[in-house]
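Here come two complexes built around subunit A, the first alongside subunit B, the second alongside subunit C.
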Partner chain A sequence: MSNQTQAIPLDTTASTPGRRRATYGLSDAVTGWLLSLPLTLVLLFFLVLPIVMIVIVSFWGATEFSIYPAFQFDNYEFLLTSPVTYSVFLNTIKYAVITWAITLVLGFTIAYFLAFHVRTLTWQIVLFLLCTIPFWTSNIIRMISWIPFLGRNGIANSTLMSMGVIDEPLEWLLFSDFSVILAFVHLYTLFMVVPIFNTMMRIDKSLIEAAYDNGATGLQTLTNVIIPLTKPGIMIGSIFVVTLVMGDFITVRFMSGSQKANVGRLISNDIALLQYPSAAATAVVLLVTVLIVIGILLRFVDIRKEL
Partner chain B sequence: MSTTKEKKGVSRRSVLKGAAATAGAAIGSGAITGFPTVWAQNIKDVTLRQFGTGVSNLNDVAQKVKEDLGFTLEMTALDSDAVTQRAATQPGSFDIADIEYWICKKVWPTGNLQAMDTSKIKNYDKIVGIFKSGKLTPESVIAQGTAPHTVGFVDGPDGKTFAKEETGWMTLIPTIYNADTLGIRPDLIGRPIESWTELLNPEFKGKASILDISSIGIMDAAMVCEAMGEIKYGDKGNMTREEIDKTMAIFTQAKKDGQFRAFWKTFDESVNLMASGEVVIQSMWSPAITAVKSRGIPCVYQPLKEGYRSWGGGIGLSKNLSGLELEAAYEYINWYLSGWVGGYLMRQGYYSAVPETSKEFMSENEWGYWFEGKEATGDITSPTGDKLASAGDTRDGGSFYERMGHVACWNAVMDENQYMVRKWNEFIAA
Partner chain C sequence: MEKRSRSFHVLAAVFTLFLVFLYGPTITIAILSFQGPQGGLTFPMRGVSLNWFHELFQQQAVGDIWGSFARSLVLGLMVMVTTVVVSVMGGLAFRKRFPGSGVIFYLIITSLVIPSILVSLGVGLIFSQSGLDVHWSTSGFGSQLTWTLPFGLLIMFAVFNRFDKSYEEAARDQGATAWQTVRHVVLPIIAPMLIGVALFGFTLSYDEFARTLLTAGSYNTLPLEIYGMTTNVTTPVIFALGTLTTGFSLIIIAVFLVAVLMMNRRRARLGSDAGKGMV
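And then the complex of A and B:
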């Protein structure tokens, strides 16, 4: 998100005066390598190395209380032959798709309202900040606060009952797929709003005027002008939401009352029981799945070009 | 955080060892507990790091240790899985492990704990029979599962395998134990509950819960299946694959039919489920019942005709303890068994390993109510001051011998544990 906002002032002329800087006798190539070195090292130690470790451990064996180096496919064999794995992965993808669809509609609508209906920049900023207020508390607290609200004797049920809408409490409000997705939507909609809002703000208003002048209806403007131009924002928001939902375990555990499972919970269960190799194998499969999903998403939009 | 502690530990230890060598004076102080404090002069500088489940890792205990013994006890409370993990994988991170006996069976082979010399345990002779011969009274039948005495002793100070009888080298010093059963909301059920089968009674569809800690949950599940007459187990504490499959099949079906409202993993979750009325019948732990009651909500720890599922915990010493710190640890253990902690825990509804010393730290009314199962003669309050019962009330399940005498099985680790865990995960994911 922050990368994006910082990217706005970039323009092509900026690189030319840079040539006058003192080079300390280093060629551009060396300077370039040196400049990228810190980030490369950080990524190497804190991203690449841990992932390599996980991949290695996923081939190890485990006893009740220890793990031992080996090269065996037992973990993968068990994982890929168990029907539970497939149902759990399916469930994870189900959560991701539904949450993605809802947050997309919500996020797009909110961003559209902020960018095109709110006229002054001040109000845009005020309303945008309003959207971020829930983020002042931890996401666990935001999630758990739904539990008393949705419970059998919770505020939602007692309100509906006193209004006479229902006769007995709705059981499916809490500890169900509904509550899990509700929490996901609540937690992650902002991740959709921010990038979409950002790209929308960069749409040249004269393009929309031109569309109207040429006789386009509101819907035509939306589908032919606004949506194509906000694609990068949509895509970044989608990547955020999909990866967050697919990697989550705590929301699913609390909001489903431990009754539903996703891949994250499989991993956390394994870790709790000291089955690190099995957890690592599951993590590798999840990582590959998420990478494939992102690969497919990136097929639709070339983010680099659009930014 | 752990690394800084580690460093502190090393320097502290080397300094103290030097100090210990020069300090020779034995001062017979410690009037409260009556133990001669051999290292009285420098023991105040000792810090022991204890970790364990929330049930007995109480700050009140740490404070009292500081008062009575003078040294510092740092407490860390974790859930059962995390406790096992830490005991098995981070031996340097603790001095005293407060673990359950079934965890001991899992962790002992790692060699992270050292056996204790029972001749240094002052109240050893008074420890309840369950932890020594396995028998509460000479006539008792030993229950199924990982009974504490089966993993309570090893052959010698470096023994890796468990001994069959008392050897003088104990793995864990028993501290706390109880008999678990189902918790119910009598006000929402409105009829007597007598059997474990009620957990799967369709009457409570969507209002039942079971705990999601596989090694304990499977036992509750087995109690239910056996009570239903569906499965006859050879040993509930050590099931065969076939028995595990059958048990999980019954529970998976119940789950698919919507029997369960939720599963719980932590103490607080179980309290909230019960107090909010989401659940009216569930597996539960004794202090959770107390917590629900102290909110003014009726909750009963229902004795059931098939018996209890029992558990026991104890403290084990880290392999790394030696010298002055080891002495301090033995003092701590002796103090633990000398009554104050026992009284504190018994007033929460647990049992102490040496009940007779705890008696001195409880009023006659409290002793009668909690241990003897008599009617309370006045208000019964928890150690933190919440009122739990009034005059005329009796404890659910009756006296100590009544309750501990009806244990059907102990929390256990099975030979087929890994298989069971996988099946349990399938049940949760189903």
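And then the complex of A and C:
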């Protein structure tokens, strides 16, 4: 308590020598660098260097058992001339677009309900947490948990059959595009809900009242006021969903029973065959594709402003 | 209160269905993990038993799941502590722009959006080509940080964007050093959010699969072990494991949430009455 009653020193650097001078005397730049040093080191060693390494190895050669340094374009040539590549990239983009559309509509609806129809903050927090908790549990377990539902003798088929909707089990429920996209929606809708909810909570409620006072219908308010103001959240959510789906390999492998392919699986198959250079070349092309998509989406939003 | 509109009821129904969609499958496997010894991967239940949980404790049936659980636990704690410390430091650094801050910010975003398998592949290649041992506590640890740190940092950025700087100014005016200000003013104020960052750090690490796939070395973490089981186990034992590990995650989440709740309660009770007028 004693130093609270002291006279307030006018110049903080002058009152005590030594340590204080050292900390306050340092320029903002050095303080910033020092504080972000651990972060920068982690990102350098485990993000930048690995990307550089992948780019380098993508020019290497491979035998059946080992890889050797080289500078050749064989991997890219093989990749870009193979019709498989194009169909797999197309399939990847198909998954991304369909998942994006479904999670957007679903995520927006959920966020809209939480932000504008749930009236007390406590309930908003409780319901929001209910949506969030599965995100903190294992993705693989959440995929496995679809098996009893979608299998040939699963809950979905037996329910539909007992209701007389179908006569024999639907084969396309599990191990199909349907199950892959269902799992994507199941795993990633939250990534839409959170940023959209976040921006919606910041919308000044008086803007909505003003719209109603001026005679706007509910739908007009939604399309002319709420959606435009929610755009940054929609963009951030889209970035999450699109990149997660494009970079995925495990969901497609597991939910399609290895019957469908996307770029991630192309990479992981090469890895399993120890064809690292070829995997690296595919990875580079995937990374470029993802970054282009992000670049386009980022034109619509300033992330630093939205935090 | 005004009457609920029709759209409220429609949206509430959609929300309820969404929750069923989110939790239904997990609850189903929780029920099915109590299948009798003859039971299969789906309904009907053939009796009720703890048979499949019992099998989890027999090494020959399921492999080294307890060893992998221990490794995942230790790794999760390592990642959690590192994520909290590095994120707070990063958050403090980013309160003022400094030369290079823009580049680091875009690296953070890149870290968030880069396909996980690229990190796995790249880190694995670096370690193998430079002759280092790939191990969950080194290469696996670093790879997981590229996933947990962006979340921790984005939370810290959001926290500091809303931080009232006058508290710090008050501390400084009363003669606190920079470190004292951080230690006695900033950290206590942001403490509940740090618990949130810790929760992200632990759970994202504990469940991470893709980034550890090529970086864990010869000793598997739990998600890798579970993934291995999906290809060769066709009994409800995998549901039992899923139920246990999900239950463990839920306990962890509950502990963190209760900690935040208690901290906020305590703060409301013991907080300053400054500015509330004379009562």
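One rule holds for everything that comes next: the second predicted complex is superposed on the first by the 263 of 307 C-alpha atoms of A that agree within 3 Å, B and C clash if a C-alpha of one lies under 4 Å from a C-alpha of the other, contacts with A are read in each partner's own complex, and residues count from 1 in each chain.
Definition applied: contacts are C-beta pairs under 8 Å (C-beta built on N, C-alpha and C of every residue); 3 or more make two chains touch, one makes a residue touch a chain.
Being a predicted model, the structure only gives us computed values, none of them experimental.
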Larger contact residue set on subunit A - subunit B or subunit C: C
Partner chain(s) touched by A:191 [first = subunit B, second = subunit C, both, neither]: neither
Which superposed partner A:290 touches (first subunit B, second subunit C, both, neither): second
Which of subunit B and subunit C A:174 touches, first, second, both or neither: first
Subunit B versus subunit C as contact partner of A:43, first or second or both or neither: second
Subunit B versus subunit C as contact partner of A:153, first or second or both or neither: both
Contacts of A:274 with subunit B and subunit C, given as first, second, both or neither: first
Subunit B versus subunit C as contact partner of A:87, first or second or both or neither: first
Which of subunit B and subunit C A:59 touches, first, second, both or neither: neither
Subunit A residues contacted in one complex by subunit B, in the other by subunit C: 147-148, 151, 153-154, 271
Parts of subunit A lying in touch with subunit B, wherever the complex brings them together: 64-66, 78, 82, 84, 87-88, 91, 147-148, 151-154, 171, 174-175, 253, 256-259, 261, 265-266, 269, 271-275
Subunit A-touching residues of subunit C, taken from the complex the two chains share: 1, 7-8, 11-12, 14-15, 18-19, 21-26, 28-29, 32, 41-43, 85-87, 89-90, 92-94, 96-101, 104-105, 107-119, 121-123, 125-126, 129, 142-143, 145-146, 149, 153-154, 157-158, 161, 172-175, 177-179, 199-200, 203-204, 206-207, 209-210, 213-214, 223, 226-227, 230, 238-239, 242, 245-246, 249-250, 252-253, 257
Subunit A contact footprint on subunit B (complex, rising order): 81-82, 84-85, 88-89, 106-107, 109-110, 206, 209, 212, 214, 255, 260-265, 272-273, 276-278, 413, 417-418, 421-422, 425-426, 428-430
Contacting residues of subunit A [partner subunit C, same complex]: 3-4, 6, 8-9, 12, 15, 19-20, 23-24, 28-29, 31-40, 42-43, 45-51, 53-54, 57, 106, 109-110, 112-114, 117, 119, 127, 129-131, 133-134, 136-142, 144-149, 151, 153-155, 158, 186, 189, 218, 239-240, 243, 246-250, 254, 264, 267-268, 271, 276, 279-280, 283, 286-287, 290-291, 294, 303-304, 307
